[in-house]
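For reference, chains read A, B, C, D and E in written order, and residue numbers begin at 1 within each chain.
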Amino acid sequence: MSRKKSIEEYQKTSAFRFFRWLSGEEDPYIGNVEMCPQEEYQPDQEAALRREKEHDAILDKVYDTTHNKSLYLFHRLYQATSVLFCLFLIALLLVTVSYLPANGTVIRPVNNEVAERYIEKGLEETGAVNIVAGMILDYRAFDTLGESHVLFTATITVLILLRLNKTEKDEAEVNDRRFEPKNDAILQLVATFLVPIIIIFGIYIILNGHLGPGGGFSGGAVIGAGLVLYLNAFGFKKTERFFTEKTYKWVCFFSLSFYCLAKSYSFYTGANQLHSVIPKGTPGAILSSGLILPLNIAVGLVVACTIYAFYAMFRKGGF
Amino acid sequence: MIVSVILIPFITGILVPVIPFRKRWQKEVFLETAVVLNSILVWYLLLHHSDSTFLLAHFTGNLNISFRVDGMSMVFAGLVSALWPFATLYAFEYMTKEENENVFFLFYTLTYGVTLGIALAANLLTMYFFYELLTLVTVPLVMHTLTREAVLASRKYLYYSLGGAAFAFLGLIMVIVYGSTTDFILGGVLDPAKTAGKNNVLLLIYVMAFLGFGVKAAVCPFNSWLPQAGVAPTPVTALLHAVAVVKSGAFAIIRLTYYSFGTDFLQGTWAQDVVMAVVMFTIVYGCSRAVKETHLKRRLAYSTISNLSYILFGAVIMTPLGLVGALTHLVFHAIMKISSFFCAGAVMHQTDRHYVHELNGLGYKMPRVFGIFTISALALMGVPGLAGFISKWNLAGAAVESGNPLAWGGIACLLVSALLTAVYMLTIVVRAFFPGKDFDYSTVSDIRDPNWKMLLPLFVFTVCIVLFGVYSQPIVDFFMSVAAGAV
Amino acid sequence: MDFICNFPFFSILISLFSGTICSVLPAKAAKAVNRLVIAAVGLMSAVLLLYLLSTGESFIYWMGHFPAPWGNEIRAGVLEAGMALFFCVIMYLSMAGGAHKLPGEVVESKHSLYYILVNLLLSSLLALVYTNDMFTAYVFVEINTISACGLIMIRQVGRTIEAAVRYMIMSLLGSGLLLFGLCIMYDLTGHLLMSNIKESVALIMANGEYQIPLIVAVALMCIGLCIKSALFPFHSWLPDAYGYSTVSSAAILSSLVSKGYIFLLIKIIYRVIGFDIFNSTRIIDVLFVFGLMGMIFGSLSAIKENDIRRMIAFSSVAQIGYIYMGFGMGTQAGMVASIFHILSHAATKSLLFIAAIGLTDVSGGSRKFIDLTGAAYRNKWAGVAFTAGSLSMVGIPLFSGFISKLLFAQAAVQVEGKMLASLIVLGISTVLNAVYFMKTVIRIYTSEQDAPYRSITFRDRKGYTVVLVCSVLLNVILGVSSQPVVDMIGQGLAMFA
Amino acid sequence: MGPNLLANYGEAVSAILFCIGFTNLLLQTNLIKKIIGLNIMDSAIYLFLAEKGYIAGRAAPIVVDGVTSVEAYINPIPSGLVLTGIVVSVSVTALMLSLTIRLYLRYHTLDLDEISMQLKREGK
Amino acid sequence: MYLILSSIFFPILAGLFLLIRYRTPLPGEKRAIDRKALTTLTGIFLLITAALVAAALLHAKESFTLFYLTKTLPIYFRIDSVGRLFSMLAVIVLPCAGFFSFEYMKHEERESRYYGFYLLAFGVLNALCSAGNLITFYLFFELLTMTSMPLVLHSCSREAVMAGLKYLFYSLCGAYAALFGIYFLYQNCDSLAFTADGALRASSIAEHGGFLLVTAFVMLLGFGVKAGMFPMHAWLPTAHPVAPAPASAVLSAVIVKAGVLAIIRVLGMFGRDFLRGTWVQSVWISLTLVTVFMGSLLAYREPVLKKRLAYSTVSQLSYILFGLAVMQETAFTGALCHVLAHGFIKSSLFLCAGAIIYKTGKTRVEELRGIGKEMPLTMWCFTIASLGLIGIPPTGGFVSKWYLALGSLKSGMPVFDVLGPVILLVSALLTAGYLLPPVIHGFFPGADYDYGRLQKKEPCRLMTVPIFILTTASVFIGLFPDCVSGIIAAAFTGR
């Protein structure tokens, strides 16, 4: 096939270029040594704005849950994986559990000289009939000191989160009135009966902490419950007569300070092998077991106040 | 003494913005005096050096900051201190058009000290320290104009340099752990007892460290900061990005290769092949980019990239002769490139033209500048009788002598690069002197050669180029003795 | 027993007690008490440190009248004292540096609550540092968590509360795991005191009876603490928490709180499980991998970030990755490097947060990079300090970051299998660090003519400046004369065993 | 699988509960459910501890009639730990609840993801 | 010594003096150039130079080292027979073309630059001929490129500048390829001083003989660029048409011969024995033959006279290279004869073409009808020179081609011993085909030619005399080849 190519076509062929090079008319780079200025970099404001808008649009689209099929699917997948994850964890822990020492038996690492001494000498060394109370308030009192401060810290954070300013407070109070049960007769009557009993029971638990089941925390919680019931029955107006934020602050302060100082004394004397002046008393008597009783009282006060404070805070952000 | 030469520039630099100079010339005299004085001190130090190590401070463990004058440091410190006064002189004139002079001179002078610190460092850690410092003190110089371009450039410069240092750091670690000491000892400090069986890892780390230091020396994948950094004022581009900074990279690589890892350890390994291949590629790549580039300073920057790899090529031959070649090119290229950069700067300063195509016909109006430019161009191409030839001769000689076929390929790269050098340098010359028939001379009518502050350095450098080209025996002999460890 | 031996106890106690006291004091007084307590504790720790260095051995302090397996104990060695001292210094600097911002960030009436939390946080940190009892540690971990959460959300904007919720959730997961692990551990050993557990663990490992549950317990505890200290895959709570809380909170949280947990982990590794036993488990490999990933991904997130505070926060993720990488190496050297990095990162991060606030102050309060343009000219000290912090992060010699990098790398070289991975990641991470920190530094040193906040000038605050200078100095001191510190860490670790 | 799975059925239950609580706390998006998960998790741990203290056929550790022999009472330590744990759990729950209240007041939803979305929309 | 040096440095200094003293005034500068003084001065300089060179040539062998570049790199001069031969060519052609250009360049701008570089090139050429070792040679080889480039781009039109650059880059490319070889020679020889029978150490040959062959090939290719050998010939046809005619003459007659000289030197360095019969020789011969044929063919279809002459140069130079590549004494004689013959003929042809352009402005072949009637003397010279190039006895071209063919046949190479002469013959026919038409049309414009418009356009003496001298010289070589054969024989042995 000898079809004649047109000149233009021919000029595009490599044969033509080769020939041009052969005859010295063209060179690969000679023509390219020609220069022109490069374009300067120009920041494009419009493009930036457009990008930003697109970004927003994408965000809107992505987070539009009701209309987004893939997001819905993702949720389903998420749930499924959650269950799988849970099952996996369970399997792992079950295997672990199966290797643990058998439950309920005596010969276990747990039942070692530590527990032995607590049981055998606890009464003698702490003066508390309730071995557990003796343990947490004397043998391992540092933990308990920390524990009460956990509670304290939590209260502080709740205060930070929920306590309102003066101006907001008034508004909240108005709002709160709507939810408050107004002079419900049944409630008030029952409360009149129950609250003293509850509080007395709480006090009993606290005071009996070193002698039997109970202690500062449980007793304090009971008292707190009583206070909350009272508040619900009679409203803030009544409670504010005897319990305000200031009361709470000082009660907490004194209780905790006492706790701190008392325990510090005991720690200090213990660590420096000094003799503690606090008498142990007769085991079983109400005034016995050294510091445990006062500490229980202090903890009880703190817990009672805290429980009440939590409730008040949750409800309207102030006392 | 050895510390004072590093400290004097620091103090001077800090004093510049502090002292309230009433007139400009006072500041100039102050700076120039300090710099010249320091250079004289450096030379005195180099000529009367003792072999003792000056311990400045313990750092941690057995690492310390200490200084020593040995052959390599004599070469580099001598070079830097010889060039600096001239560059400063040139900068005075150049900076009349720029703002924020004080800040500029502050960092400019600081850089002097830091560069000397690199040169005089006695161990790898000290060098690394000053190496990082160098990045930091030069960034403000790149950023000087505070235009968007400058900021982008300085950012890139920082990323690259610091990133490179991060990998160079690995090399440092290797030397600390596997070496008997971190001090520089010709032939390497690796302890064979410790390295046994770990050769490949060490080589890998060497390659990484090479590339790390290579960032400053603009080895190929990491070179793009250098042309961009050309936005800095010309004295900076010329002195730092043609000499001080980039040569520090090359210097560091030489230290790493010859004085830390040791050529015995590296020679003939795959690591050598890899780094040599990288270097060879850079040689060609830099030139090709330079040919394509139309911005005058960026073109020179690409040229620098290629030429730096000449030095590295010499270094990675890993023979004493290779070191000689590298050192020769280290010194000669510095002079040639600074001279061509200063010409470019003079053009920009006098005419405000930045692109190659704008240079038409300037040769008639600035005959001195372009005459000198031509000489430096010829020297860069490697025309015999000028300095560039000698260094290339030494490099190629070393490559041939090494008997390494890859190195022979490297010679081919050198020559291709020389050709491309001719392309990108001589087109400028041709444009300047042969602007074309229909060139309108009125466009260049009010342009003239710059004043003596700019010309003096140029003339001095040109004389050096020719002198070294014709009579390089003593200096090459000196390099020989350095490479042999006799100094 | 010397009187000085009471100091750990005293320092925990007065910080705890001062929390209680502050609850009844007005804000001004609370602030004073807070500063005083921090200073006093710092002083005591310093004295204690000197004492311990001179005696050369650690001591055990009974918390009560009963000896080791029965009563609570605290224990003080060189490392503990040093940490306590360091925490106090950092905390003081952070508090002082962020003090001037507090009125703007926190409602006036809640200032004293803020100081309570700080005091409690300090006490919990000290307790974590000194405790010799696992359960005590758990309790104080909880105090730490809750007070940290309080510190996050005390500045009540939507983000902080959300961040606080996320923080709490993750922390609680961590606590739960920790507690569960603790219980299993107790079941296996029958002890709660660290030294006793360690003996039993050694026995178990020798017998081989309860090995599997033991390892699970260790893993649970480790993961719990990892979650709490925001190791890479568990870091989702961190950026918002650090990014939007008050300055001091952010500084304290990032430099101290997570470090407290990490320190506890170190104690667990050394004092509870035993270093060698720990290293023989696979757990260190997991930590190592997570650490490496954290180093990379933390930095990558930081690069993408457009908000300076969040960027610094993400950088913390990366830095915590460094620390866990050090753990993961499973050598003494790696551990030393990690501990040094705890110090250096704490010093640097607080500096960065404080300096960042100085920069945002002069940029109309905006934290976006675009508004920070040229901020360093408007507030010179903050600019310099931020630069110094950044350089330290990037690992420039003279600053502390370099030393930790050096130590990490040296440690890595000695670990056959993990050497290359850690070295390469170290390099990459340095590059990434350089990218985002240097981007910021250059941004704040770029002056554009039409920047919106050009006219704002910095009101000179002496205290703030002094804090900045001190932080930078601390950094430089750690960087220049690191040897004593490293020696001390080594000594402290030796005392652990 | 180890030998004691059946013997340790109590622990097994606590482990399952723990995992359920854990997963709830981690993966639920509703805040209240998260808190419930938290409580389940904590309770599981207390159950676990209680099981640890238990020794078949012995009494609670409150000294009766001055008998202080080891054979008489169960191990008191886990009980103490549970006590402490409960206090912690209460505190934490209170804190979480108050956080939830805050968020609900502000965003009128309990879904954490939705809150995040709203925050992102706010764009600050 | 001083003669040689002065023959080198006198023209260089004179050229510089012209460049500086008579530098072209820029617009606005009040300074006029005294053209007469300029040309007179240049003429005097040229003559003095020629005299100096002649005097230097008369001296027997003289060698001296000027200085050392490095310890082992002396700048060393030595006049041997080859150099002398090339010097002879230069010393005749350059002044002739120079005088020609006094008239030719009348209307060009910036004459002084032209003369200046012309003298510089003269000096460098002298140095090239008297260079005694490879490094010295290389130095002046590069300088020759540099100094002759301004001659090419003198008109400063766009094409001229581009052509100049092309020339420059091609030459440098070649020079660098050669430098590659020099590096290896340096390592494998005891010294780089020229010799005719191989300077390679025997041990080196044994050790890496194969690579040395590659080196040799690269060097041949490299220097071949200057001599317009095939793959890198393209610069010639570009550079010639844009250069002023006298510059083309010099370029084509002398400067490209530098490449030939270089190749002779390289052959000497490697030794013919080393290369003979190797692949290098075969490839090289093939290349030269391709060039010979291709050059003629391209010339044949080229309408522009100067370009046609340029292609012719490509072709003819490869005759010489072929002669060298055969590596046989007779062929060598032929090659060197052709150096002289082609030098004279081609310069004469270019000058003729220049004269025609100068007088009539016609550049294309078909425009030249009747030109013989208008410029008879010029066209007669053109005719004689053409015949010489074709190889009609008794001109120089015949002698050289005779020797070339003879040498090739004698050489006993496989294939090429016959193929070579055949191609040479075909090429000669083509030469006739491309050179004779202008002659025929010039003298016999055909019946339809309008004789009325005819007018005498014979150029002035300043142009005709150089043409005449060169033509005569070409004939002289053909008539009395013996007068150079002595030198050539000496050259073959390297004396």
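Just so it is clear, contacts are C-beta pairs under 8 Å (C-beta built on N, C-alpha and C of every residue); 3 or more make two chains touch, one makes a residue touch a chain.
Please read all numbers here as calculations on a predicted model, not as lab measurements.
The chains that touch both chain C and chain D are A.
Ranking all chains by how far their C-alpha centres lie from the centre of chain C, first place goes to E.
Should one ask which of B-C and A-C has more C-beta pairs in contact, the pair is A-C.
Most remote from chain B, judged by the distance between CA-atom centroids, is D.
The most centrally placed chain, judged by C-alpha centroids, is B. If each chain is reduced to the centroid of its CA atoms, chain A and chain B end up 59 Å from each other. Distance between chain B and chain D, defined via averaged C-alpha coordinates, is recorded as 67 Å. Remark: chain D and chain E have CA centroids separated by 101 Å (rounded to whole angstrom).
Inter-chain centre distance (chain B to chain E, centres taken as mean C-alpha positions): 43 Å. Residue positions 2, 18, 22, 26, 52, 77-78, 84, 88, 91-92, 95, 99, 102 of chain D each touch two or more of the other chains.
Residue positions 423, 427 of chain B are each in touch with at least two other chains.
Multi-chain contact residues, meaning those touching two or more other chains, occur in chain E at positions 165, 169. Interface of chain C with chain A (complex): residues 1, 5-6, 9, 13, 16-17, 19-21, 23-24, 61-66, 69-72, 74, 107, 109-110, 113-114, 116-117, 120, 123-124, 127, 133, 135-136, 139-140, 142-143, 146-147, 149-150, 153-154, 156, 161, 184, 186-192, 200, 210, 212-213, 216-217.
Put simply, chain A touches chain C in their complex at residues 92-93, 95-97, 99-101, 108-115, 117-118, 125, 138-143, 145-147, 149-150, 152-154, 156-157, 159-161, 163, 165, 249-250, 252-253, 256-257, 260-261, 264, 266-273, 276. For chain A in complex with chain D, the residues that touch the partner chain are 59-60, 63, 65, 78, 82-83, 85-86, 89-90, 93-106, 110-111, 114-116, 118-124, 129-132, 135-136, 140, 143-144, 147-148, 150-151, 153-155, 157-158, 161-162, 212-213, 215, 217, 283, 310, 313-314. Within the complex formed with chain B, the residues of chain C that make contact are 391, 394-398, 403, 405-406, 409-410, 412-414, 419-420, 423-424, 426-428, 430-431, 434-435, 438-439, 441-443, 445-448, 480, 482-483, 486.
Looking at the complex, you find that chain B touches chain C at residues 57-61, 63, 125, 128-129, 132-133, 136, 139-140, 143, 146, 151, 154-155, 158-159, 162-163, 165-167, 169-170, 173-174, 176-178, 201, 204-205, 208, 212.
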